[in-house]
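Got a structure here, written out as structure tokens. Questions coming.
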Amino acid sequence: MSIAIELTDIGVEFPVGRDWRGRVKSWAHALNGVSLRIARDRTLGILGESGCGKSTLAQVMTGLLAPSTGAIAGVSGAERISIVLQDPNSSLDPRMPIWRIVMEPVFLKQTRTREDLRREATALLVKVGLRPEHIDRYPHEFSGGQRQRIAIARALSSAPEIIILDEPTSALDVSVQAQILNLLRDLQREHRLAYVFISHNVSVIRHFCDEVAVMYLGQIVEQGPSAKVFATPAHPYTRLLLDAVPKIGRGRSTGQLDETELPSNRVLPAGCFFRSRCRFAGAGCEKPQPLRLLEGNHKLRCHKDLPAEA
Amino acid sequence: MKLQPSAQNRPATAGPMSTTPVLSIRGLSLEFPVWQGALHALEDVTIEINAGEIVGIVGESGCGKSVTAMATMRLLPEAAYKVTSGALSLLGHDMLAATETELRHIRGSGAAMIFQEPLTALNPTRRIGTLMTEVIRAHRKIGKKEAQAHAVKLLKSMRIADAEAVMNRYSFELSGGMRQRIVIALAFANDPKIVIADEPTTALDVTVQRQVLTLLQNRARDVGAAVMLITHDLGVVSEYTDRVYVMYAGKVVETGPTASVLTKPCHPYTHALLAAGPDQVAPGEALASIPGTLPDLREDIPGCRFADRCAYAQGLCRTTPPPMRQDAGGQSYACWIEEEAQA
Amino acid sequence: MKHLTLTTCITAAMLATSAYAATPADTLVIGKAADPQTIDPGVTIDNNDFTIAYPAYQRLVAYDVKDGKGQTTVSGQLAESWTVSPDGKVWEFKLKPGNVFSDGSPVDAEAVRFSFERLMTLAQGPSEAFPAGLAVEAVDPMTVRFTLPDPFTPFLYTLANGGAAIVNPKVMEHEKDGDLGRGWLSANTAGSGAYMLANWEKGQSIKLVPNPHYGGEAPALASVEVRIVPDASARRLALEAGDLDIAESLPVDQTAALEGVNGVEVQTNPSLLVTYLYMNNAKSPFDSVEARKALIAAVDKDAIIEGIMMGQAKPLNGPIPEGMWGYDASIPASEYDPAAAKAAFADLGLSGKTVTFALSEQDAAWPMIALAVQANLAAAGVNVKLESSANASYRDRLGAGDFDIAIGNWSPDFADPYMFMNYWFDSTKKGLSGNRSFYSNPKVDELVRTAATTTEQPEREALYQEAQKIVVDEAAYNYLFQRSSQLAMRDNVKGYVFNPMLENIYDFAAMSKTQ
Amino acid sequence: MNILVVLRRRLMFLVLVIFGVSLITFTISHMIPGDPARLLAGDRASDELVAQMRENLGLDQPLYVQYGRYIAGLVQGDLGTSIRTGRPVLEDIVAYFPATLELVIVALIFSILVGVPLGVASAVWRNGIIDQLARTFAAIGISTPAFWLGLLLLVAFYGRLGWFPGSGRLDAGIAPPPTITGMYVFDSLVTGQFKTMINAIWHLVLPALCLGFVHVGVIARQIRSAMLDQLSEDYVRTARASGLSKARVILIHALPNAAIPSVTVLGLAFGDLLYGAVLTETIFAWPGMGAYVVNSIQALDFPAVMGFTVIVSMAYVLVNLAVDLAYIALDPRIKEVG
Amino acid sequence: MMAAMSQYLTVFKNPAFGRTWARVRQSPVTVTGLVMLVVVVILVGLLPFFLGTDPNAINLRARLSTPSWQHPFGTDEVGRDIFSRVMHGGRISIGVALFVVAVSATIGTLIGGLSGIFGGKVDTLIMRLMDIVLAVPSLVLTMALAAALGPSLWNAMVAITLVRIPTYVRLARGQTLVVREAGYIMASRVFGARSGQLLGLHVVPNIMSPILVQATLDIGAVILMVAGLSFIGLGAQPPAAEWGAMVSAGRGYILNQWWYSAFPGVAILFTSIAFNLLGDGIRDLTDPRQKGRS
């Protein structure tokens, strides 16, 4: 298993607000010590709710954002890393024809003839399930699913090792989401790609990823093989998250309420970050929690062993 | 599989109801004029919601669910659309003929609406208290103090702890979940008989979504209001609605009690929609996607609107629109194909 | 919007009653194009400023008035009599008793001495009319003596101009940083004239009231108000409406349109303001007499006078205009002869060549004249490139001689042919000072310099006329015309006297209004 | 971003602006060919006299010395002495500026009073007749040369109809009120001289109409655009769905929010109005800065031009500071957003 | 300008052209602007070639004559035919305005775009500089600049161009800050685009619409500015027919010879209104709010 990229203890903070003398008043702690490794052929899912730092993580991996602390090893820069963004409406330049969009990663770096670029664009479009005659059209002539296909073709054009998929299907309908996920799966097999799949959607991650990292307030709270994590979630937050997802077949809601609110990342909680929301909180939680290894590559940032759920 | 164009099909809503419905949409067809033609946004839509019911309207983008909601409240820009046929009655008022004064009376008091984006749904430059008392006093002849007290009571009913303090805040100072709770409080300000909630939790995280939907459901039960819950999430439909209407391309394709529709779908579209969910197959396996795309609603579609993407489509499907048929379990669907054929 | 307009109209109609309130009978209201800049007589050289400054002060001598017409000759105002030494260098003046400044202090020899010393120390524009090194002493309280370094015959006439105003020495009480009271006097008056400044709303209006201590007869007008109305059309409208009694500086087209307007009268008088073309004598092609003569023949002077000046001017044939002594009626009119001009230009090899014509839009007539000249020369085979610039920049060009043709106006500061002959032709005055054609002829230099120091007028007249013949023959300038001065006023204004030396300057003490 | 932050930034910026503006103006105005000493001395002055005057005015010094002296004076509040009038520039500006300010303020009020309703109507009935007319009106307003309109107004309302006075700030017989701000309407109101006030207002009508006309269009356009933004916001839909009347939603909810971004436009409009005032002032004999500065430029009166520029730039920056503060006051969001 | 224009005209190339044109037709304001502009182009661009009258031919004996068959717009103070001068003058006035707007918009867009992309200190520096220039009263700046450069139409154009730039810098920067947030910019950065590439590939094409609208709206204003400079002798030099100079020259005759300033004035008004209506219409049509319907 070859490592495509490895992040060690990445921390990112942004200044928030300045006082009247122009000094920074406080910091937003977006990432607080994230370590990850991604291997070729594999899909790593990053699961978390808004504000957990998953988009910042994507920016760090693509090199758009220099981390405040920590190190990145492995492939870097535009050569080997590509990206597919969430909103296919905004991620394609409306003033460019499709062939230019698709080949942008190539012509930014190399001088190639127009014919060359167009030929390659045609091939890529066909590969993602569009038709050759589409290359001269503009983005607004396509549906959301088709646009996401174009974005995928673009991500492929630089022949990357890793593609960061930042919520690639959250703006799409379920039926279209299925098409895109299938396509991504096929492409991964064909090109031996490593995927980092960022999403808040539990079922998509469960379905699509080999491995999953659950993030909370800029930390990974649980990580491991997807089958394992979803079958036996060990962290209270993971459990909360999985329980919250409405599911067909669970029956009518009982009307029972959980009071739960994400704390601000301006002032990080002392000890376990999840403590204030955790119904298992107790002694030992006031200390910072390290990521500990359970069996089978399953890691957990909690000192407790929770009872198995009913 | 055989086609069954039979005379014994009955209209879906034919059964006698114990009470008069709070909302009754019958055969509503609505179009938006566009260049050299019209976009047929709704076609022969029939929806009925009874007092105290929570009814889901589910479908993918472009299916017409939001247009239905907006049309129900007569909130579509007047110049931009045209109702070509059908009737729409909300709390006994003919909404298609209602005057501006009538509408003002119905909106916010008898019928309320909740929108998708809680951030933008509240005027950012006015305090929560001002917004709430304004709506309260628009429908009740009470003083400012009284209205404020009522507003605080409403906020508390939405489990907002320091309601008095929140009255003085602006919407942007609150979290998304908090905002949506305020929006719900606002919707219940004048004891509505029906609340139309258009994708109320799409912009929220799942943990918050659960709170908000639960609060909405509980509150509706407490005051006996019906809820029209519009969503694209079948899980939400499953957990929070009594009945469901599945819409596709401007038409209702299937309706019935939620549990039976979701476990025993009759229409090929409902079936396909359920099957496309990533939960439906083992991890790593290919998902059952629906091929093709939504038909162009500007064109005249002679037959079933799903025919082009339907695995079972036959000749008749492409020439004649299927009528609504009812099965024994109170489930109705618009399809030419017999239900057992799909099982 | 509709509603608003309606409200405005109603309000307006309610208020409109006072709109046609004609000016009060004891107040004279003058509409002026521009606010005076400074009314310190020791600083300004602008007649626009002297509208205020002139009547507030008195001078040793004043221009005569004969049969209701202003003259260029002078007689004593503060001075009772004077003598001049045979060498023409020492002038002694005896003061009239009984003249008093506006604060009640008497006008004496010391005040005269102070005024001239202040003038020469300030060394601003007006001091230029007086010989440098002028010495003044108070011989006794009522006698003052001027000693000139060189004989300067026009001296007597310079004493009538604005800069020679006698200023109350008490202004020194307002002196700041050794400015000789300049700052204070720029917006106040301290003279013995009939009127004094009462109030000045910057850019808006100036009010003059009678000097309570004035030595002469008490004036009829209780106040004079000068209102600043920059736009000519607006001034004309205000005059027609009766909001102004006098509207200054109206262009000829506006005054022509005022003919026949009820209650308005336009006074037309020959002035000493001349308009002429400078042909650069120091530079090819107009360093040749033939070229200059060809140009003169090419320009249709009559068409310009008729067409552009609307007849409100008369042709000028020599440097001294009619109405100034020294004028020579025998100088022949230049002849408009395009064919001859064309032939001459062809002979000189100038056909098809381009010459520059520098101008500014300081005078509204200049661009029109320039266009006419351009058209005339085009007909004679020479192209003219018009170069119009801001006035300050234009004057720089004049000073530097950076032009082939240029245009200018000239009016005398004091009533002496010196103002024309010496300034225009003395080769030491080349450039902006006066000799703007850069003309040079030692013979002419000698003639005009002698004339300036000769004391006898007939002799001087002869010298100037001899010089005139030469410069006309050598076509130093193209003299175009001598303007008529026009002033539009309500017909109930009485006592206005035009003096060609005092345009825009009024003797308010002699004026009145009938109801 | 709180008020202190804004104040600190703006005041620092003010210093920067004054320095920058004076440097730009100084450099450019000294590039203009022409000699102010010569201009002042008169056409016929001898070279010696001109040289002497140049020395008196300090114009014989190298440019950097002149600029240094100017800045040194500026720090002490001394804007120098006008070459043209011989008075301290500050004194001249104090005399002329209030008139311009009064005219600009009234014109601004006029254009707001007409422009805002026009813009609102235009947005509410988008693409309807009112919208088309309002937009056409705006286009005409923006396209009309001010001096042309001024003359038309003058001929019509003064010359022919005699409804309004044609020049100046007060009638001949009426004395100005005691100087407090130098703005007659305000001063006479404060001192209770109502007759003077009415006369002053009456004199303001035509010039303000002329000057404001252009900005009616500018403001109507801005408000229309901002209103369209607001009307497409979700909260408007919420308000409508809550049964609030259309008028209430438009006037109480959308309009104040539309006004917030439009405030910045007013700041810019202030600058434009100062520019436009020059021609208007000439036509209506309005004794303001307009004529003063044009004459100063033509007379190469550097201290006057620079004084004017510095003061107007300061006014511009201060108005924009006021706009920023108004923004903070009007929009509760600003306090929170970093 | 041409590149920008052709970029902009891609609107007409794509299949949505039909619908766009339909919307244009439904907007009387835009159609009016377009028709007026066509009239201007015909009168100013073509008519002078057929006219044959010399706009500079003076006739002092026929000065200020009232409009007649011979002189449809009358004559001016030196007897020139105003009709022919207005037709010829349009080419100067409109030409100058087009030049000034094109150059200042191009330079302003590039500076503003780069400023917006770079952000940080560069941005602060550029914007402060622009703020200072904006704080100088534009009248004084143009007058002083034009006077300093010397009186000619060219220098007046340079002066106005310089003064107009900050407006475009601000506009372009503001738009860039919006566009900068778009996904395609982020993607392009991930793919390794440098700032210049971002500017050329994405930013400029995407901020072009509002800038072209602003430019269209500006043309009228620039015509008026040129007129102002010509009036004080810093613009077009005589005998060039320039509308502003003509209006200004005719100003003194407005009470009796109304036609002198009226016709060039109407020409300015007409042209400026045409550009304004057109710009306003384009802005409204390219406005995303028009298309959106939830």
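Letters are used for the chains, namely A, B, C, D and E, taken in the order the chains are written, and counting of residues starts over at 1 for each.
Note that a contact is a pair of C-beta atoms (placed from the backbone, for glycine too) under 8 Å apart; a residue touches a chain by one contact, two chains touch by 3 or more.
Here's who's who by UniProt: A = ABC transporter ATP-binding protein; C = ABC transporter substrate-binding protein; D = ABC transporter permease; E = ABC transporter permease subunit.
Because the structure is a prediction, the values reported are computed rather than measured.
Listed here as common contacts of chain A and chain D: B, E.
When every pair of chains is scored by its C-beta contact pairs, the maximum goes to C-D. With respect to chain B, maximal separation of chain centres occurs for C (centres as means of Cα atoms). Centroids of chain A and chain B (each the mean of its C-alpha atoms) stand 31 Å apart. Chain B and chain E, compared by their mean Cα positions, are separated by 51 Å.
Chain B and chain D have CA centres that are 54 Å apart.
Distance between chain D and chain E, defined via averaged C-alpha coordinates, is recorded as 23 Å.
In chain D, the residues that reach two or more other chains under the touch definition are 32-33, 151, 155, 159, 297-298.
Touching two or more other chains at once are residues 231, 233, 237, 390, 393 of chain C.
Residue ranges on chain D touching chain E, taken from their complex, read 13, 16-17, 20-21, 24-25, 28-29, 31-33, 127, 132, 135-136, 138-140, 142-145, 147-148, 151, 155, 159, 221, 228-229, 232, 271, 274-275, 278-279, 293-294, 297-298, 305, 308-309, 312-313, 316-317. Within the complex formed with chain D, the residues of chain B that make contact are 73, 75, 100, 103-109, 112-113, 115-117, 120-126, 134-135, 138-139, 170, 172-173, 183, 186, 189-190. Interface of chain A with chain E (complex): residues 62-64, 77-79, 81-83, 85-87, 90-96, 101, 104-105, 108-109, 138, 140-141, 151, 154, 158. Chain contact summary for the complex, chain D toward chain B: residues 233-235, 237-246, 248, 253, 256-257, 260, 330-333, 336. Interface of chain C with chain E (complex): residues 231-233, 236-237, 251, 253-254, 257, 300, 303-304, 306-308, 360-361, 364, 367-368, 370-372, 374-375, 386-390, 393.
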